[in-house]
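What follows is subunit A paired twice: with subunit B in the first complex and subunit C in the second.
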Partner chain A sequence: MEQLMADLKKQIIEALNLKHLKPENIGDDQPLFGDGLGLDSIDALELIVLLQQSYKVKIDNPQDGPTIFRSVKSIAEYIRANQTA
Partner chain B sequence: MGNISPQKTWGGAPLLSEVTEHIHERLTCVEPDYTQWFDPRQLRRMSRVLKMGVAAGSIALKEANIAIPDAIITGTGYGCLEDTGIFLSKMVENKEEALNPTPFIQSTHNTIGSLIALMLQCQGYNQTYTQGAFSFENSLLDALLMVKEEPALKVLVGGVDEITDYSHTIQKRFGKFRERSESNLNLYKTEDGALNGEGAAYFVLSGEKSDKSAVSMEFVGTFYKADAETLQSGINDLLQQAGLTTKDIDFVLLGNSGDQHNDKALQDHASVLFSKSSTGAFKHLCGEHPVASAFAFWLGVKMLQEQTIPSSVILKNANRSLNNVLIYNQYFGTHHSFILLKSCRDSG
Partner chain C sequence: MFISGTSIIRKQTVIHKGALAFENKSVSLDDFLTGAYNYLSPEYPKFYKMDRLAQLGFLATEFLLSDFPIKQYSPESVSLVLSNAHASMDTDVRYHESSKTSSSPALFVYTLPNIVSGEICIRHRIKGENTFFISPAFDAELLAAYVDQVMVQPSVQACIAGWIDVMDSHHDVFLYLVEKEQRGLALPHTAEELTKLYR
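The block that comes next holds the complex of A and B.
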C-alpha cells in the first residue's frame, strides 16, 4: 500500500504537471480537490485516464468519483479493491 | 503591444539594440519567465504557444491600460500544434481509448483567444482566423471593420504560431525550409531557402485616438497568387483610397525570406514601385511562418513610435523621416499582403 501511494504521488505530479510539488509534499490523506491540492474537474478526468491506463481500473459509477478521488489513500484503496490480478 | 519572438522583444529593451543570433535550422522564441504574469497553477496546463500568446496579449493590454477589451481577434496558421501532436500520438498509443482531456481541449486553433478571454472573464466578441499566411491580415481586417463601425471599441488583435519538432520535420520533408543550420544573420547572404520561425504578437486597436496612440493602421490588403501587374494595381488602389501615392511611402518593410526566387521577385517589384523609399527586411529576425507579418506590424509600429530604424533591419536607407511605413509581405510567393502604418504625429 505504501509503495502504491508513493507511485501514485509521482504519477499525479507528472500527469497533472504539478512541477511546483514533490511527492513528499502530498500527504496520504490530504484532500486533492478544493482547499487541498486545488485540483479541478479537468484534473479529475486526467485521473480517470491515469487509473485506466496505469492500473486497468475503471470507475463504473461517476457518482463515486468524489469519494475515490478524495485523497491519494482513497485512490490507492480503490485500486486495490478493484484491480484484477 | 506585446510581442514574444525569436528576438528579445519584451521587457522594455531598446528596439532591437541586441539582435539574437540563432545558428540553427529554425528560429525559436526568446521566452520570458511567465510566472511574472501568471500563477504556476494557471501555467501548468498551458503549452508553449498558449503561454506565448497569453503573455503577448497581457503585455499589450497592460501597455494600453485596458483591463478587458471589447473583442479578442486572433490569427494563427497552425494553431496549437504541440497539443495537437500529443493528442494524436496518445490516440494511436492508447488505441483510441482513455484519451487525456487536456491536449484534446487545447488542440483547437481557437484555444489561445479563448484562454485570454477566460482569464480576463471577457465575454465580448471572440474570433480566430486560420487562413494560412493571411490569418493575421484577416484578423486585422476584422478589427479594422469593427472599429470603423464603432470607433470607441478597444479590440485586442494578434497573430500566434509555434514550431514543434513534428511540424518542423514535416515541413522540412516538404522542402519548405533550408536544409542546413545557418546563422539567421546570414539569411540574405546565402539565399538558399527560408528559415522556419514562430512568434506571438498582440495589439490593441481602437477607432479613437488616445494619448497613448502613436500609430494608425490605414489599410490591410491581401493578394493570393497574384502576378506583378495585379500587385501593382492593388497597392496603387489601396494607397489611392488612403489619399496617398507610392512616393509618400517613407519605408517599406519587405518580407524577404531568404528564398532566392521569391526574394528577387519581391525586391524587383519593390524597387520599381518604391524607388525613393527606404527599405528593410525582418524575417532574419523572426523566421518565416504564417503570421510573420504580426512581427513586422510590431516592428513597424515601434519604428514609427521611436522614429528610428534599427541598423539590423535596413536594406536601403533613403534618409527619409518616418511618417508612412508599408509592410509588404510575401509567403513562399503565393500570399502577398500590404499593411500601411502611419504616424499619428501628422494625422492629428
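The block that comes next holds the complex of A and C.
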C-alpha cells in the first residue's frame, strides 16, 4: 500500500503537470480537490485516464468519483479493491 | 487612443519596454518558457498546465502589465483583441499524437486558439469584450482598426492587443496595451506605429 501511494503521487505529478510539487508535498490523506491540492474537473478526467492506463481500473459509477478521488490513500484503496490479479 | 507599452517574445528572448528582459536560447522552447516563468515568479501554478500558446500569452501579459497595473480599471472596462496565424495547431497536433495511445483531457481543452484569451482574462480579472483573429501574418491595419472600434465604446478604458503565434519551436509574440489615458510610450494607436513596434 505504501509503495502504491508513493507511485501514485509521482504519477499524479507527472500526469497533471504539477511541476511545482514533489511527491513528499502530497499527504496520503490530503484532499486532492477544493482547498486541498486544488485540482479541477479536467484533472479528474486525467485521473480517470491514469487509473485506466496504468492500473486497468475503471470507475463504473461516475457518482463514486468524489469518494474515490478524495485523496491518494482513497485512490490506492480503490485500486487495491478493484484491480484484477 | 494611445499605445502605453509593449512586450515581445521572439527567438527565446523577451523584449520589454524596448530592452532585453529575459533570454535563454540554449534550451528547448518549453524550458525557455519555464525559465521565464521562474524569472518572474508569479506564483501561479496553473501556468504548468497551460499549452505553449497560453504560456506565451501569459508571460507576455505579465511583462506588459508589470508597469501598467490595470486594476485601476473595472474588469468590464478592459478588452482583449488577439490574433495569430497557426490558431491552436501546435496543441492540435500534440493532441492528435496523444490520441493514438490515450487522449489527454488536459491537452484537449487547449485545442482552441482563444483559450489563451481566457487564461489571460482569468489571471488579470478581465471581463470586457474579447476577440481572436486568425490571419496569415501580423496585420497592423486590422488590429488598429478593430481595437479603435472596441475602444470607442464609452465603457472601455483599456485593451490588450496583439499577436501570439506558436508552431513547434517557432514563436512570435507582440502584445501591446492601448489606453484612452496617455501614459508610458504614449504613442498614437495607428497601423504605422504598430508596424514599427512589431519589427
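Rule of thumb we're sticking to: the second predicted complex is superposed on the first by the 85 of 85 C-alpha atoms of A that agree within 3 Å, B and C clash if a C-alpha of one lies under 4 Å from a C-alpha of the other, contacts with A are read in each partner's own complex, and residues count from 1 in each chain.
Just so we're on the same page, contacts are C-beta pairs under 8 Å (C-beta built on N, C-alpha and C of every residue); 3 or more make two chains touch, one makes a residue touch a chain.
Treat the numbers as computed from the prediction; the structure is a model and nothing was measured.
A.B. asks: Output check: A:53 vs subunit B and subunit C. Expected answer is one of first, second, both, neither. What do you get?
C.D. replies: Once the two structures are laid over each other on A, A:53 reaches both partners.
A.B. asks: In the superposed arrangement, which partner chain does A:17 touch: subunit B (first), subunit C (second), both, or neither?
C.D. replies: both
A.B. asks: Applying the document's definition of touch, where does A:42 land relative to subunit B and subunit C: first, second, both, or neither?
C.D. replies: In the superposition, A:42 contacts both subunit B and subunit C.
A.B. asks: In the overlay, answer first, second, both or neither for which of subunit B and subunit C A:34 touches.
C.D. replies: Neither partner.
A.B. asks: Show me the subunit A residues, by the header's touch rule, that subunit B contacts in one structure and subunit C contacts in the other.
C.D. replies: Residues 16-20, 38, 42, 45-46, 49, 52-53 of subunit A touch both subunit B and subunit C.
A.B. asks: Of all residues in subunit A, which touch subunit B in the complex?
C.D. replies: 15-20, 38, 42, 45-46, 48-49, 52-53
A.B. asks: If you look only at subunit C, which of its residues touch subunit A in the complex?
C.D. replies: It comes out as residues 34, 45, 48-49, 102-106, 109.
A.B. asks: Flag every residue of subunit A that touches subunit C in the complex, lowest number first.
C.D. replies: 16-20, 38, 42-43, 45-46, 49, 52-53
A.B. asks: For the complex, give me every residue of subunit B touching subunit A.
C.D. replies: 40-41, 44-45, 94, 97-102, 105
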